[in-house]
Each structure stands twice: as structure tokens, then as C-alpha cells.
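Below, each structure is written out as C-alpha cells.
There are two complexes below, and they share subunit A, which is joined by subunit B in the first and by subunit C in the second.
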Partner chain A sequence: MSQLEMKKDQSMVLQKQMIASHFERLEQAPETKEPVVYTFVPGNLTELIRSFGCLPVLPEINALQSGMRGKSRAYIREAERHGHSEDVCTYVKCDVGMMKSGNIGPTGTRLPKPDLLLLSYTGCYTFMKWFELLREEYDCPTVFLHVPYQGDGVLEPQHRAYVIKQLKEKLIPMLEQISGKEFDEEALAQRLAWSSQAEDDLVAVLEAAKNSPSPIDSYFGGVYYVGPIFSAFRGTAEGAEYYKLLRAEVEARVAAGQGPETPSGRLDEQRFRLVVEGPPNWTHFREFWKMFSDEGACVVASTYTKVGGTYERGFRHDPKDPLGTLADYCGGCYTNLNLPDRVQMLCDYVTEYAADGFLINSVKSCNSFSAGQLVILQEVEKRTGIPGGFIETDLVDPRYFSPANIKNRLESYFQMLAARKAVA
Partner chain B sequence: MSLRAAVVDRADALACDLDLNHVKEWLAEVPGRKAAGYLPVYAPRELIAAVGMLPVGVHGGGDRLEIIKGDACYQSYICHLPRSVVELLLAGRLDCLSAVLFPSTCDVIRNLSGIWKLQKPGTYVRYLDLPQVLDPSIGVPFWTMEMEHVLGELAELAGCEDPKGGLRQAIADYNAVRERLQVLYAHRRDRPWDIPTAELYLLMRALESLPAQTWMDLSADYLSAIEQEPGRPRDNCRVVLTGAFCEQPPLGLLKTIERAGCYIVDDDLLQGNRMLQGPVSTDGDPVQALAEAFIYTSVKNSVIYEDDPDGKRNLMKTRVEAARADGIVFAAPSFCDPALLDRPMLRAGAEAAGIPCIAFKYAENTGQFQPFREQAGTFSDSIKLWGAG
Partner chain C sequence: MDCFIGIDLGSTTTKAVMLDSHGEVLGRGITNSRSDYDRAAEVAKTEAIITARFNLLRREVEKVAGTELLEQLLEAFRLEQLLVQLGRLEELIHDEIGGGVSPDLQGAAREGVEHIFRKIRHEEDARFNANDRRRRSDFFRDIVGSAYFRLAEEIGNEGGASFDLLLSLYDKCIILVENEPLELGFHQHIDPALARIGEPPAARKGVQEAASIPLNVQSSVGTGYGRVRLPFPKENIRSEILCHGLGAHMMFPGTRSVLDIGGQDTKAIQIDASGIVTRFQMNDRCAAGCGRYLGYIADEMNIGLHELGPMASKSTRPVRINSTCTVFAGAELRERLSLGEAREDILAGLHRAVILRAMSLLARTGGVDDEFTFTGGVARNEAAVSALRQLIEENYGQRTLNISPSSIYTGALGGAVFALRGAA
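Presenting the complex of A and B:
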């Protein structure tokens, strides 16, 4: 086993199988005629898509997987050769580069062309341009689902009604058209029930980090835990099964007083409990994680694991109100929250998870997350009295991951936290 | 001093007035008056004027502001505009604004609305989600509802009892402004030697903080001035300048491009002024009329979703033809998502139509123009030598 490999839990093995079989199914879609819908993680309407027998493709997941598998550098270079600026979101460039290189997905299988681009516009401006760019390559319809931003901290009732109206008048008729099936509200409700079950279990998993030691790492481990629910498996029986298994594993660790598996081994001795804001870096994922685990730092809560839904705040998909619940879901994704709400969420995490520190990983290419993060840092420090750390990386562009620099910053930050703990 | 110089000086003084002293003077003229800001690119300023407030465009500090606090709020890989806006905000230089509207231009402007809420809790801050679905059955009711909401809240803030009546008047006032802008833009397109872009820009900038009627007088003076003092044609090529709709380039950059031999005959500078391309109906419900005008007549822009699959591909060709231009200058602020993500699509369409293009990035405080001069000069020479296409 190489230094950066880790012992795998059963749930991780299961997740890997689920993802592999989903990509195989996607590869076969042109033959099986299962319609394919490309859409985004925040505001994804997987239950609705699947209720029409369509298969979802999430370009961000492909991009991050390409980053983890060392392919993003070449894809980004390819996109930049086609005139894409070095200043913009690297997920987009990675995806465009992948498409221009034959659209071979992260697991090595060919991705089918979309039958529909579902532009669920939920808190990131880049989504709009991303699908305008993809549309240049694919001859397929695009539906723009406009989800108003929670500028005043709530999804206003008139905004909720507006989203429902678009679902009814635009999206559902289009899904009916591409699938040849009629909208079946009962089938959707069944899927929403599976979602709700999985969400209960996911929340239990994430909240288990309130224990000491924490049985999970809520950032580096957390991105695996949210994988199925953020991608193709919310609203599926296998997704619900996965979260049941995961929850059992985590509860067993709590009972045994164990920490999570990390690249440095099992982290039972946790020197620092951290809250993290911002997406991770994917190109050096394990190396990055190890910089934390080697220092005994465990992330107990993170905002990134909420981009596909803020379930710990109480939201659950509600089978009794199928379209209303989808509107609520879209409105409440982390990317759609306003800056004061993001500050409050971080402060709540610091208190509820008894954190020693909070850290912002600011990614160069993501304005949605990054613009304003320094103000978030100042504000959270002011309100909690806890010093924040700030590091800069990128999502999938390896050129912006400078290991020595990041390690230095992290080490200084941990030293400072250690000194504070010693005094306390 | 010539009339032209007097008008340009006045407009320049307004653009340089980072303390908004002219706004404060306007406020002081009548007790109880209020002013409301709006960020780029487009906010329906008629709503502000309707309740008797002065609409004030918030455009940062350009190249006239030293940034200290703003840099502590923004990483190096975020465009320059928000850091200079925050610099002004934290220095109290925007305190005369009782309300600020943040249109859904991009995530930077969006997040800035949250920063404003945190820093100035007493100010009315509203994020304005522009309608992205231009299908009238969806877009019109949505935008009407959004604007009704804002109009109601602004009316309350301003103590205005008849906001709809005020809105009818404001629509009429800004219809006149739109018509005047069309005259100015058409004149520059036809006789760019009469109206240097730097002057047109300053005039447009004055519109960002003068009451509509005052601006009408100023622009009328300018039109008289160019009648009296027409320019002399030069052997320049004609270009469309695009990508500069939000963070504004320094005036020096506009002058540099024209001095290097490129007449700018169409642009998207301060595009919010010209977002609605036709007059807004003065019949019926004024809020709905304003909403319909947006859905039916708004100019194609990087901040609004393009519904037509061929739209991006064809846009620059259409604009070049309408302006009888020879080429395109893609000029975008560094790190500007809307402009830079659009650029590959727009440029591919332009190049497929055989239109020569150059591209560069700037910041509002760029101080070195030599590289731009060389690039624009070479571009102009090549067009003159080889012709467009």
C-alpha cells in the first residue's frame, strides 16, 4: 500500500461499484435509449430526472474526478488552446477540454451526448456560461431553471412559486418530450421518500462529528460521504441503502471511540478540530489531506459538503409536496445562500462542533465561493473569537497547488492553535 | 473655454467626484431627499427616480483611488471593481446612499451585496435577480413581481405616496434619455471624428449620477457643441469594443485605442444606460411596462442567458454589420467571468465570419497603455493594409 493509500470502508467499496455501474449504464445509453440529462450538483433534480427514466450526468463531478485522476492538466490546456481564459473556473475548462478530447469520462468509459441540458441556475453564475458553451457542441434542447438567490436570507414565497411554475410549465413538458413518458407524481414521490431517508442518515453521519474523537473527517472524508447524494443516487433505493450502511459504520466507530481513516492512518488522537469553508483541491487531494492528518487535525464540519443541500438545517425532500420541495431544495443549497448566512453557518459550526479553529480554502477560479471569503474570515473571527486560517489552491488546475507554500501556512496555523490551546 | 470643453470638464468632474459631493449637494437642496445606488450592469433606475430618490451608479474608484482596505477584502484573483467599491464604502464615501440595488451581474456583485449588508446594516440592500428566462409567460410576471417588491420598499423608505405615478413620470424621463443616447451613439457611429469615445463615455458617466432632466440639458449642450465644432476625419479603422460592460476601463485606455488608429463605433461601456433598446410604454401599469421592455427589448449581454443556440455565434457579426465596423476589440477586465467566459463563443463566431479581432484584459486602474497602443496600432495598420475579412 503506498503512503497515501488508505484502508477502505465497506461503504467506500460500495460507492465505487455504484459509480462504475452508473458510468457503464451511461456508456450504453445510446443503445439502451435511456435519455441523458446533463445538470449541476447544486439544485440537481435527480428525483425528477430519474422519475422519467432519464440518467443524470454531473459535469462538476466529472471535472473533479478528472482532477483526482491526473487528467485535468491536459484538459485545461486543451481548453486554453481553444481560447479559454486562464482567469475563469477550471471546472468549465476541464469539462470543455474533456469534451474536445473525445468525452471519455473519468472512469474510462465514453460519456453519451446529452438529450437535455438542464441548466439549474442555483447560486453560481458560471453555470449559465458553462451550458452555453456546451450547447455549442451539442444539438439538444436546454432548459434554464431560474432559481432566485436568497439575497435576504430566505427563499421568498413568490420566488418559490416562480420555481414551481417553471418546473410545471417548462421542465416537466421537456422531460416528457425527451423521454416519451408522462409525468408520474407518485413515482416522483417514491423517489423523494428515498431521498428523505438517505438525508436522515447523511445528517446522522455528519453530526456524528460532534463526538470526540470525531468518527469522520467532514471535509476530506465528507466529500466521499456526499458523493452519491450529490450525484446520481439521490432518490434511488441503492442511494438509500448506501447511507444506511455508511451510518452504521460511523455509529460503530463512535461506539468504539475511533476516529476516521486518513492518509496518515486512523486518526484517533485528534489535536485540532476544524471547520473548513470552500471546495477542496482535487489534483493533490490525498497529499492535501495528509497535511492535516499528519498534524492530527480533523475537520468536524465543512460548508462544501452542503453545496448539494443543507440537510442539517432541517430540510428534507418531502414526498407530500413533490414540486414545492424541489423548489425549496434548489433555493437552500449552500451556493444559493447569501454571505451573511454563510458567515452565520460557519459561526454555528464552530460552536456546535466545538471547533478549535476554522480555515478557508480559497480556490482561485471560483468567484461564487471565493469573492468575499476574506470578509467572511474577518467576520467569523470577530464573532467567535477564534483565529481563522486562509490558504489558496485551485479545484482542478494543478498549476495552482503549491505544496511547500500550503504546508508552511498550515504548519504556522496549527502552531498558533496549539499555542492557544496550551494557554487555555 | 469652448462649449465642448465646458461640457466635458463638467462630466469629468462628476466622474472624478469619489466623495459624491455633487450628490450631497443635490440632497441638501431639499430637506428629506434621498439617494440610492446601483451596481453595474443594469438596474431599473426608473424605480429609484419614481419615489423621488436620485439614482447613483456605483462604479468604484477607477484609476484615482489608492486601495488599502479593499485589498484586505479581496484576493488577487478577483477583479478590481469590488475592492475599490469596498474601499469607498469603508471610507464612508458612499454613506449618502440610503439604498443600494445589486443586480445579478455575476457572483462578485452578488457577494458584494452581502458584504454591504454586513458593513452597513442601516442601508436598504436589495439583490435584484434579473429575469434570465426571457420567455414572456415566465419572465414578465417574474420581473414585474420583483420590481413591484422593490418599488414598494423604496417608496416606504422615501416616504413616497404615489410610486406608480412617479414611475410613469420616470419612465417618460428616461425614455427621453434613451432617445438622446441613441442620437449620440448614431452620430458617433456615422461621424466618429466628431465624438471621441472618451467624451461620449464621460457624458454617459454623468448620466450615472445626475437627475435625468439635468443630464438632458448637459447632453443637449454637447450636441450643440459638436455642431459648432465638428472634428476632422482621420484615416482610422472602425472597431467594436466589447467586454467592458461592468468594471470600466480607464479613460486613458479608450483614448489610447482611438489615438492608435481605431475609431470605436460601438461599445458596451456603461451598458446599463442602454440596456432597454426602445421606449418603454407609458400606457397601462408602469411596472409591467418596464418588465415587458426588458423582456422584449433588452440588449444581448453577457450577464443575461442567451436562449438562442446560435445567438452567441451571430452576435458579433450582427453588431459589426450594424456599426459598419472593420474589426473587434475584446477588452475585458481581468478575472471577469461574464466577459471572459463569453469570449471564446463570441470570438469564434466573429472569426468564422472573417472579422478581424484582438483581445486584451485591463483593470480599472491600469496605468500603462503602451502595450495597448502597440496592439491597437498594429491591428489598425493590418486592417488598413489587408482590409477586414
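Presenting the complex of A and C:
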């Protein structure tokens, strides 16, 4: 086993198979005539898409998978060769570069062209421009679902009605058109029930981190745990099965008093319990994780694992109110929350998960995440009294990951926490 | 005598501080890192041991011979060290002429080089004999470089070997000298140094007594950018954040905010009453506005780094600088010169821009407390200090600003204190 490899849980193996088979199915879509809908993780409407027999493609998942598999560097270069600036979101450039290089997805299979671009706008303006670029390329129908920003911290009834109206009048007719099928509310309700079941299990998994030692790493391990529910498998029977298996694994670790598998081995001795804000770096994922696990640092809660849904706050997809629940889901996405809400969420994590530290990983090319992080840092420090750390990396551009520099900051941060603990 | 060493392997310079068991500073050493951390650590440590010997010597010699004689001996010792390095540099340049210069130019090159080294030796002798104690750079490269360039220019102007040829010979060989393990220790040079000042019996007696005291290094702690290169156990490697915080606390116990501008990093640190770090921020991977930036500017202007501050202080009308990007440092400088701005005014603007960037990091950590300490190599630059003083007052009002003459050793001092505490 190389230094950065690690022991895989059964759920990880299963997830890999699920993702591979989904990409194979996508490759065959032009022959099987299954319509393909490109959409983004925050505010995704996978149950609705799937209820029409369509297959979802999530470009930012492809980009991060390309980053993890060492392919993003070439794709980003390709996009820059076509004139995209260094400052553009690297997810966008990775996707554009992949498209320009023949649209071979991260698992090595070809991705089909979209029959529909479905943008559920939930706070990231870059997503909108990204799909405009794709529309130029593919010349296919586009639906822009406008989800009102929760500036006041709540999704007002009129906002909810506004989203439902768009679903009824714009999206559903378009899905009927590209699939040739009529909207089937019962089929949607069935999928929402699977979602709800998976969400219950996912919340149990993430909340298991309240134990000491935590049986999971809620950031580095967490991104694997949310993989199926963030990508194509929310509202599917196999997705629900996956989360049942994952939950059992995690509960077994709790019962045995075990920590999670990490690149440094099983982390039973946890010196630091951290809350992390911001997405991880994907190009050096294991190396980055090892910088934490080598120091005995375990992430007990993270906001990134909530960008596809803030289920721990109580929301579940409700089969009894299919369209209303989709509107509620979109409105409550992490990216659609205002700063006070995000600060409160982090403060709650620090308290509920008994964290020693709070760390922000700021992403150079992601203004949507990083613009408010200074306020978040200062507010969380003020309210919780624990020291915040701040590091900077990138999503999928390996040029912006400087290992010595990041390790230096992390070590400094951990040593500071240790010094403070020693005098506490 | 038991002693404790802290070594700070910075990106530009490597520093070492040696303490006795009461925490008193016995000796300090500094050298260029030049990307060879192993060698730099050894040189800095050796120099710290030499100055420790001199401190012991001071106690012995001052009693019987007075301060003046001791200072003379110290100067004579430094001159002996410099002559060793100078001899080696000349030897290497002659080898380079033999191997790398076309035969028709070799005669003129040798003649020029011999003239340059003869003159430098003569000037150094004259400086010593005139008892000239004006401050100059600590580094062989800077001392010899400025004399070599001046003399090479004269030779070139007078029709001898070209300036470019002489310069390229110097550039090739100076790094070799810096990276060679030359014998520069106390025992090798104290006898010639004594001979140079006329073998006064009081000094000879003091030297013998000081040399006989054993210096037993009980523990060493490493910090700084290259600290992982040190062959120390993990617990003896500390982050420079912690070391700078503790070092600043040792120098100025009332300080609560610390700014360190080093070659590669700028660090804003808040500490508590015991010198424990409570919060910190560092620049990201980009070294814009760090000491290295000023280094490039000095190179671009063909002057020594230590000359920048005095020149900038002559400014009457500082210009506004757009970018502290190290990559564009030369371009920014040339643009301003082409617009007719005075060098002094450009330099004053550059220093202000460096400090403005640091102010942002300070703000991120929560601002500047009543007592504030400025450390790192840039704290020795009077123009940077003046800009900092002004900006602190503009932003935070009247504050006590501490700058130790030994500020560059702050990190190494913190490391040495950790070594002392760890051994206790």
C-alpha cells in the first residue's frame, strides 16, 4: 500500500461500483435513448428528473472527480488555451476543458450531450454563467429555476409558491417534452420516499461524529458519504440501500469505540476535533487529509457536506407534498443561506460536536464561498471562544495547492490549539 | 555550561540563538539560506557558538582589558573569517576562468580578478585599521558583492575585462562559496585575530579562559520554513508562528500583537500574557509584499538590500504603488522610473505597499493591541518601520511599537526558549 492509500470500507467499494455503473449507463444513453439532464448539486431535483426516466449529469461532480483522478490539470490547461482566464472558477475550466477534450468523464467513459440544461439557481452566480457556456456549446433547451435567496433567513410562502409555479409551468413541461412522458406524481412520491429514508440514515451517520472518538471524519470521509446523495442517487432504491449499509458500518464503529480509516491508518486517538468550512481541495485530497490525520485531527462537522442539503436541521423530502418539498429543499441549500444563518450553523456545530477548533479552507477561485468567510471567521471566534484557522487552496487546479505552505499553516494551527489546551 | 539552541530556517536567512540555562542569550548566528537548509543550519549554529564564545570572552576580557580591546578582537576575528571566504572565492573564480572563459579573454579576466581581490583585501585592512565600525550587512555576499561590482565596473570602463564577464564569474562562484563548509570556527581564527591586534596579554588570557569553558548543547528546537530538514525529533520542531509569538513575548513581555515580515511569509499574530498564540494569519502561497519582494527590488536597482530603507527614507513625495506582486516587481519599478518618478519616492511607495498588505492580515486577526511588536528581517528596514508606524496610528491610534535590534532572531529565540522549557 502506498503512503497515501488507505483501507476502504465496504460502503466505499459499493459507492465506486454505483458511480461506475452510472457513468456506463450515461455512455450508453445515446443508444438507449434515455434523456440526459445536466444540473448542479445545490438545489438539484434528481427525484423529479429521474421520475421522467432521465439521467442526471452533475458537472461539478465530474470536475471534482477529474481533480481526484489527476485529470483536471490537463483540462484546465485546455480551457486556458482557449482563452479562459486564470481567475475563472476552476470547476468551470475543468468542465470546459473536458468538453473540449472529447467529453471523456472521470471514469474513462464518454459523457453524452445534454438534452436539457437545468439550472436550479441557489446562490452561485458562476453556475449560471457556466451553463450559458454549455448552452453555447450544445445548443439545447435550458431551464433556469429561480430560487429566491434567503436574505432574511426564511423561505417565505410566496417564495415557495414562486418556485412551485416555475416547476409546474416551466420545468415539468420541458421534462415532458424531452422525455415524451407525462408527469407522474406517484412515481415522484416514491422517489421522495427513498430520498427521505436515505436522508435519515445520512443524518445518523453525520451525527455519529458527536461521539468520542468520532467514528467518521466529517469532511474528508464526509465527502465520500455524501457522494451518492449529492450526485445521481438521491431518490433511488440503490441510494437508500447504500445509506443503510453506511449507517450500519458507522454504528458498528461507534459500538467498538473506533475512529475512522484515514491515510494515517485508523484514527482512534483524536487529539483535535475540528469544524471545517469551505470545500476541500480535490487534486491533493489524500495528501491534504493526511496533514490532518498525521496530527490526530478529526473533522467532526463540516459545511461542505451540506451543500447538497442541510438535512441535520430537520428537512426531509416529503412524499406527501412532492412539489412543495422540492421548493423547500432548494430554498434551504447551504449556498442559498445568508451569512447569519451560516455563522449560526457553524457555531451550533462547534457546540454540539464539542469541537476544539474551527478552520476555513478558502478557495481561491470561488468567490461565492470565500467572500463572506472573514465575517464567518470573526463571528464564530467571537461567539464560541475557540480560535479559527484560515488556509487557502483551490478546488481542482493543482497549481494552487502548495503543500509546504499549507502544511506550515496547519501545523502552526494545531500547535497553537495544543498550546492553548495545555494551559486550559 | 549547559546551553539550548533555537534554529530558525527562513526562506532567505537562517538564524540560530543559543541560551544558557537561565534563559540568557549567549550567542546568535545568521547566514543566507540559499536553498541549502542543511548547510545554512550548520553555519548559523556554528556562528551562534562562536558568538557565545565571544560573550564568554567578553566577560573574561572586559574585566582585564576593557570593551575597546574586545571590540577590536571581534572585528579582527570577523576579518579573518571574511579573508578565508574571500580566498576561496578568488580560487573558484580562477578555476572558472580556466574552465569556462575563452582563451583570448583569460589573460584580461585573471588580471582583473587579481586586481579586484587585491583591492578588496586592501580596503578591508584599511577599514580595520581605521577602526571603522559603521553598520553593514551580515552577509559575505553583500559585503564582497558591492565592492566587487564597483571594482569590476572600473575595470570594464578602463578597457580591461568586461563588466559582464567579471559579473558572470562572480555569480557562478559566490553560491559555491556560500554552500561550502569552510572552517570559520572560533578555534581556527582566534589566534590570527589575536596576532592582528598585537597579541595583548590580557586578551590572550581571556581567550584561553573562555575557550576552555565547555558548551554542552542540551536541546535544540527548529522552526521556520525549512524546519523539516532538521534532524530533530518531531517534538523539537515548532511552527514559526509559535516561536515568533514566544520570542516576541521574551523580548517585550507586554506585547499582545506581533507582525513578522520575513522573506517568504508575513505573519500577523496575537498572543496572550504568557506568549501563547491565540490567533494568527499568514499570507497565502503568493509571497507578494514579503521580504523577498524587497529583495527583488534591490536586485533590480543593483543595490544591497540594506540600502533600500535609507534610500526610501529620503523620499519627500511617496508614489502610490499598484502591485506588490513579486513577479511584477521589476515591471512596476521600471514603469515608475519611465514616468520620471524619483527612485526614493518609488521606494517609499513600495515600502508603504508592503506594509498595507500586512495591515490586512493584522485586521484579519483582530487588529493591533496596545503593545505591538514588529519582527523579522523587514523590521530592520527603517522605511518599512516608518510606514508601519504611520499606518498603525492612522488605523488604530497611538500604540507602543516595539522593535528589537535583534528582531531578526525572534523566531530562533522562541525556539531556544521552547528548547529550554522542554528540557526542564
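Criterion: the second predicted complex is superposed on the first by the 424 of 424 C-alpha atoms of A that agree within 3 Å, B and C clash if a C-alpha of one lies under 4 Å from a C-alpha of the other, contacts with A are read in each partner's own complex, and residues count from 1 in each chain.
Basically, a residue touches a chain if its C-beta (ideal position, glycine included) is under 8 Å from a C-beta of that chain, and two chains touch if they have at least 3 such contacts.
Quantities reported herein were computed from a predicted structural model and do not represent experimental measurements.
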item	value
Touching partner for A:Leu374 - first (subunit B), second (subunit C), both, neither	both
Subunit B versus subunit C as contact partner of A:Thr32, first or second or both or neither	neither
Comparing the two partners subunit B and subunit C, which touches a greater set of residues in subunit A	B
First, second, both or neither for A:Glu392, with subunit B first and subunit C second	both
Partner chain(s) touched by A:Thr126 [first = subunit B, second = subunit C, both, neither]	first
Subunit B versus subunit C as contact partner of A:Gln10, first or second or both or neither	neither
First, second, both or neither for A:Thr351, with subunit B first and subunit C second	neither
Partner chain in contact with A:Ala419 - subunit B first, subunit C second, else both or neither	second
Contacts on subunit A seen with subunit B and repeated with subunit C across the two complexes	364, 374, 378, 392
Subunit C partner contacts - residues on subunit A that touch it in the complex	364, 374, 377-378, 381, 387-388, 390, 392, 400, 402, 404-405, 408-409, 411-413, 415-416, 419-420, 423
Residue numbers on subunit A that touch subunit B, as the complex places them	82-85, 87-89, 92, 119, 121, 124-126, 128-130, 132-133, 135-136, 142, 144, 146, 148-149, 151-152, 158, 162, 165-166, 169-170, 338-340, 342-343, 362, 364-365, 367-368, 370-375, 378-379, 392
Complex contacts: residues of subunit B adjacent to subunit A	72-75, 77-78, 82, 102, 104, 106-108, 110-115, 117-118, 125-127, 129, 131-133, 135, 137-138, 142, 145, 149, 305-307, 309, 312-313, 334-338, 340-345, 347-348, 361
Contact footprint of subunit A on subunit C as seen in their complex	225, 238-242, 265, 274, 276-282, 284-285, 364, 366
